[in-house]
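For reference, the structures are reproduced in the following blocks.
Both of the next two complexes hold chain A, though its partner changes from chain B to chain C.
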Partner chain A sequence: MTASIQETLVSDSQAPWRRWARRHGWTFGVWILLLVLIAYYATLIPRFGAFQVASIVNNGTPLVFLAVGQAIIVIAGGIDLGVGGMLVLSSVTAARLMEGQPLLVALLIAVGILLAAAAINAVVAWIINVSKVPDIVITLGSLYFFQGLALAILPNPAGGANEWFRWLFTGSKTGIGSNPWPAIVMITITVTAIGWWLGKTKRGLSLYAVGSDKTAAYLSGLNAARVKILSYAIGGAFAALAGLANTAIAGRGNANTVGGNLTLNSVAAIVLGGVALTGGIGSVIAVIPAGLILFFLSPILTAMGVDPNSAQVVQGVLIVLVMAVTGIIEWRRRLRS
Partner chain B sequence: MSTPPTTAPLVESEEPTQLQKVARYLINHPHVVLIGVLIVLILVTGAIESNYLSFSGLRNSALFAVPIGVLAAGQTILMLTGGIDLSAAMIATGAAYVAANQSPKGAAIAIVAGLLVGIIAGAANGIGVGVFRVHPIIMTLAMSGILLGLFTSWAQTIFSGSTRMGDFIRTLGGGSIFGRTLPWAVIVWAFLSLLIIYMLRRSGFGRTLYALGDNPVASRLSGLRSWRVLVAVYTLAGLLGAIAGLLLGGRVGAVDLQLANNFLLPSVAAAVIGGTSIFGGVGTYTGTILGALILGVLQSMLTFLGAGQAIQQMLYGSIVIGLSWLYTRIAAAQ
Partner chain C sequence: MDNRRKYLTRWLVILAVLALIAAACGGDDDEATETTAGATETTDAAPADETFVLGVSNTLVGNAWREQMICAIKAEARARGNVTEVVLQNRNTDVAGQIADIQTLISQGVDAIIINPADRSALDDVIAEADAQGIPVISVDAPVTAPQAYFVSNNQVEYGEVGARWLFEALGGEGKVAYMRGLDGHPADTDRDTGWDAALADYPGIEVVYENWTGWDPSQGAQQALEILTSMDVDGIWTSGIDYSVVEQFEVAGVDYVPIVGADNNAFIEQLMTIEGLNGAGVSNPPSIGGVGAAVALNILEGQDVPKETLLTPVVLDTMDELEGVFVPDLTAGWSSYMVIEPFVSYASPQDVIDCKGPGE
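On to the complex of A and B.
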């Protein structure tokens, strides 16, 4: 997970399967963990069928999108505490505008929200670039700004969404059903597309380059400031997509949702998904199962007879443990060199 | 680090004009600016609502500033070391919750139990940041989630009893001496302020915080054990958070798990307004006190204007972004 470039070079001379394991082992492991957890969950509850699968996939969708957005920003060397606020903002805007609209108008509104979110987050990245204030401080400000704006747009839980728009994210016109396929297709298309873009195109790889070493990327001719803006814009659009999914699931918007907790979940998901918070390392494909696992913790704990509020405790402890272990590895490596 | 070429170099003319001299003076004496801003805000608020310019009006602003100021004391000492505490509000809430729960057993036990919450959570933060080198934001954000989960769960089990604060803490948070004039909370804050200002200016520990934040490598090479300092300072910040929680809970009277939620960003904002740098090594608690008072007056003004939570959050968010930007520019110019 914290393989340095040196190790990657060494691994090229090793057996192909070891190279594969080194490169994709973490991704593979997280997917296996998700399947094991689902299998375990199936033994815990009396009836496990399409409804349960749909419930996990559908309700986990917002966190998956949010975490993918965070992953893109973190891979490019930033961190956006504002994604949770962006989710809430997008969700309430959608709920307010979409109420009573036909599907076509709803889709146009959705596209408009995605573009607006990308533009707003691009401005946030621009401020980080120009002010040279750490990402964390500026986005702490933007988190509260978005949350306040959301509250101004929709002071009380209200609004609605077109029923076919709800079907698009949940496979059901009422938001509750046994059809996980629309959500699965939605996640697969968007995340595979962005994963392909990140790993295979020149522009996408520039995010990894800037994230792993800003100075080296700059010296080799990349415009680091522009790459940061690009990563924040895409990340913001994914956060907004998470907000749209949220509106589709709930059928309305709630500005009292605490964006800070959502941000924390997104950070937890990318840490579990093997994205290094120092930037430059990670895969968005591994973030899908990580996001689903984090959402999945609370139903599992409930099924085990443990207070579902412990899920939050488990998440927090998990982040700290992963960070502590990687922190110590990094520190020892630095001491040795 | 390389400087991206997009920023234009700061052009300085040879002959400083009168305006530039004034600007330079103000840049070197930020507290003068802060006091000026505070006075202007008080006058503007007075213009909006004439009743405000009275003892009770100003007293309300001061009362609002107390929990911000105490929480911001924790943020200030942490920001000096390059850290931050995003769990401060949750620590305050947890401390108040436990204190309210233990109130039937007497004031002393309630206060000690509340403060213990802050000490334990703060020490855990310190161990995470100092020993295991977790980034302060991640560590404290995670701690905030952990505390929220624990207390939501405990509220139905081991702390399911009273949510009403004991009379002694209520007096401390909301009562006054000399009739209805001088609030106890303000006295407690003033006392804490003297201690913190003394600590930062005169004590070896205080100077260590500046050294660590200014240059961690140099402090390590000169023999400083940074992990001990970090554990100590995060524990102290946790304790301050708990005190803020008790004062706030005492003023409100009854506690719930949202008690201090709205005070997290103002506490960071107060330190940022006061000129404490998030990079570490720069800042004073005097500045933070002025920042807290400014936010207290701002709160009164927004209340008179009928601005709700929405406007306040956007405003605080903008203040954090705008001022951290401004101070970074000033620091670069110096």
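On to the complex of A and C.
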């Protein structure tokens, strides 16, 4: 069965380079785009060094994790507007519980938060399954629910985080510095693991199968409802991981962070990363540079002397462009076959 | 097997790319400057000509007070003549976002950073980093706990207190009041609350029947005011500067005016001057404090001796003379009347702030 799904994903026609381009072209392109933007940024500012790289990687980390979470859910055919709220909820919970705790306790709290987030989002998926109400409606509800819960947990910006916990995400005990490596390692490990699981295991591949054709997946013996719950649980855990990164950066929690904006950024990032909003297609590997690029827009526009507020406009145009380009590619592909 | 190998190769490529990025920037900043020697030259030349670049970090957009604050920064930068550029990091974001924005300003080589802080203590580490890189940070409007930071503000504790005392006096020391605060967690809001509490302690006859945050958003303030006026009995309203849109709700709700305290918003000043039966006071909280912040930043850069703290004392405006003295006809809605803050700023006329043009614009 695994093989048959692989085949539908890969469609092995034409020359090998063409196959490679089809499979990895987009991923490769987004990484190149990130490198080009970084190189361009380096020419705009007076000095470009470790501090600048750390600033981009560290502060971009929450969006990368959030977008990876969204990507997993969208690949399995869903969409979760609640991820931004989950980020805020986990961030304030971490800040509230971790203040003054030693590293070991902080890590236990972090694991607890990740598990709880997975469980809560699994319940959200279960509600979608049972109620048959579209994902977008239920998760809009969960977005507001999480945001409200976060305000109840931490009415005022407060809390704290263990300094070594902050180091884990930012390479610095104060959250500021010139060391991008911990964040890079953190992203590499988690996203590699989930990327491997998605692409190489039977259960991981079932997400693609259900996302691309629910009926076919059902007929071939997959439990689509269970797959949805699984995808939401993992996506929720990644959103919570993004929240932990946020707490590590700020050194405190802030329930006033607008979760809705974060959700929209995560959707923009996966679109740029080549994940099809219709489900079944996409790679979490491409979501890493896409998330960093979206964070990066604001510094670049500032360096260009453009109001960073227009980053939102650029982001909107970008999404439309990417959708148009993928649409054209898909259309040409169909035309040929 | 084949697939697994391909997968491994893909990862090796990605790791190699990451390693390249890290290698390209190098562990040491000095190495990197070499590659961008052209750009470094201009910054090196800057201090010799005594020209500067100012960075601004603001986390609340679409807010008239903050807009005017930025316009005053631009006006001052232009008036001083030795600023080549004002770099704006201006977007709606939270503390984590402001930390990133300040890092961006450091990255872009500004000479001083003016911030309106989103949090009192969470910015300490990034401010210390700026200071370590020789960039002074001036916190405008609200204090931060970072010992390196300069602080320029209206005295917010006193702002809360004088307005509250005026209101409680206007009510004869007795009655139900609504307490419409600013932005939850913002240091200025916390300070005003301290002042409010101090005044409240002296008036045991005053009962606070409503307390909520407007987020300094006029439409949200209007909505809350309508809710208050239509659903409960209040004898007076204190607002954290969301004033004119609250006054408008009396007519909407069809209720009589009660004493109200606001800020020096031009529209509110006009209402106090023109509406029959409206009793109120404007407590000065000029956003043009941004201009004072820019002046302090440039004084530091020019090597002058600058005190760590510059506090403006708020003024209560409630007589017709006082109101007419500050009122500016035909000003953008939501802007404050008091713009030329003597003796701090160099620009001479409110028009410089209204034009909102920085150097080279």
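Keep this in mind: the second predicted complex is superposed on the first by the 309 of 337 C-alpha atoms of A that agree within 3 Å, B and C clash if a C-alpha of one lies under 4 Å from a C-alpha of the other, contacts with A are read in each partner's own complex, and residues count from 1 in each chain.
What we mean here is this: contacts are C-beta pairs under 8 Å (C-beta built on N, C-alpha and C of every residue); 3 or more make two chains touch, one makes a residue touch a chain.
If you're wondering where the values come from, they're calculated on a predicted model, not measured in any experiment.
Undergrad: Which term applies to chain B and chain C once both are placed on chain A by superposition, clash or fit?
TA: In the superposition, chain B runs into chain C.
Undergrad: Can A:Ile113 be said to touch chain B (first), chain C (second), both, or neither?
TA: neither
Undergrad: What is the contact status of A:Ser131 with respect to chain B (first) and chain C (second): first, second, both, or neither?
TA: A:Ser131 contacts chain B only, not chain C.
Undergrad: Once the shared chain is lined up, is A:Val210 touching chain B (first), chain C (second), both, or neither of them?
TA: neither
Undergrad: Pick one for A:Ala50: touches chain B only (first), chain C only (second), both, or neither.
TA: In the superposition, A:Ala50 contacts chain C only.
Undergrad: Is A:Ala224 in contact with chain B, with chain C, with both, or with neither (first, second, both, neither)?
TA: Only chain B is touched by A:Ala224; chain C is not.
Undergrad: Classify the contacts of A:Gly141 with the two partner chains as first (chain B alone), second (chain C alone), both, or neither.
TA: first
Undergrad: After the superposition on A, what does A:Val64 contact: first (chain B), second (chain C), both or neither?
TA: Neither partner.
Undergrad: Determine, under the contact definition given at the top, whether A:Ala311 touches first (chain B), second (chain C), both, or neither.
TA: both
Undergrad: For A:Pro180, using the defined touch cut-off, is the partner it touches chain B, chain C, both, or neither? Pick first, second, both or neither.
TA: second
Undergrad: Which parts of chain A are in contact with chain B and also with chain C?
TA: On chain A, the residues that contact chain B in one structure and chain C in the other are 155, 258, 261, 307, 309, 311.
Undergrad: Across the complex, what residues on chain C touch chain A?
TA: 3-4, 7, 10-11, 14-15, 17-18, 21-22, 25-29, 31-33, 35-36, 39-40, 42-43, 61, 85, 87-92, 94-96, 99-101, 103-109, 119, 121-122, 125-126, 128-129, 183-185
Undergrad: Could you please specify the touching residues of chain A with respect to chain C in the complex?
TA: Interface residues on chain A, with respect to chain C: 6, 24, 31, 35, 38, 42-53, 55, 59, 62, 155-157, 174-178, 180-181, 184, 188, 192, 196, 199-200, 246, 249-252, 254, 256-258, 261, 285, 295, 298-299, 302-303, 305, 307-309, 311.
Undergrad: Chain B touches which residues of chain A in the complex?
TA: Listed in rising order, the residues of chain A that touch chain B are 79, 81, 127, 129-134, 136-138, 140-152, 155, 214-215, 218-219, 224-225, 255, 258, 260-261, 263-264, 267-268, 277, 307, 309-317, 319-320, 323-324, 327-328, 330-331.
Undergrad: Can you list the residues on chain B that touch chain A in the complex?
TA: 1-2, 4, 6-7, 84, 86, 128, 132-135, 137-139, 141-146, 148-150, 152-153, 156-157, 261, 265, 268, 272, 278-279, 308-321, 324-325, 328-329, 332
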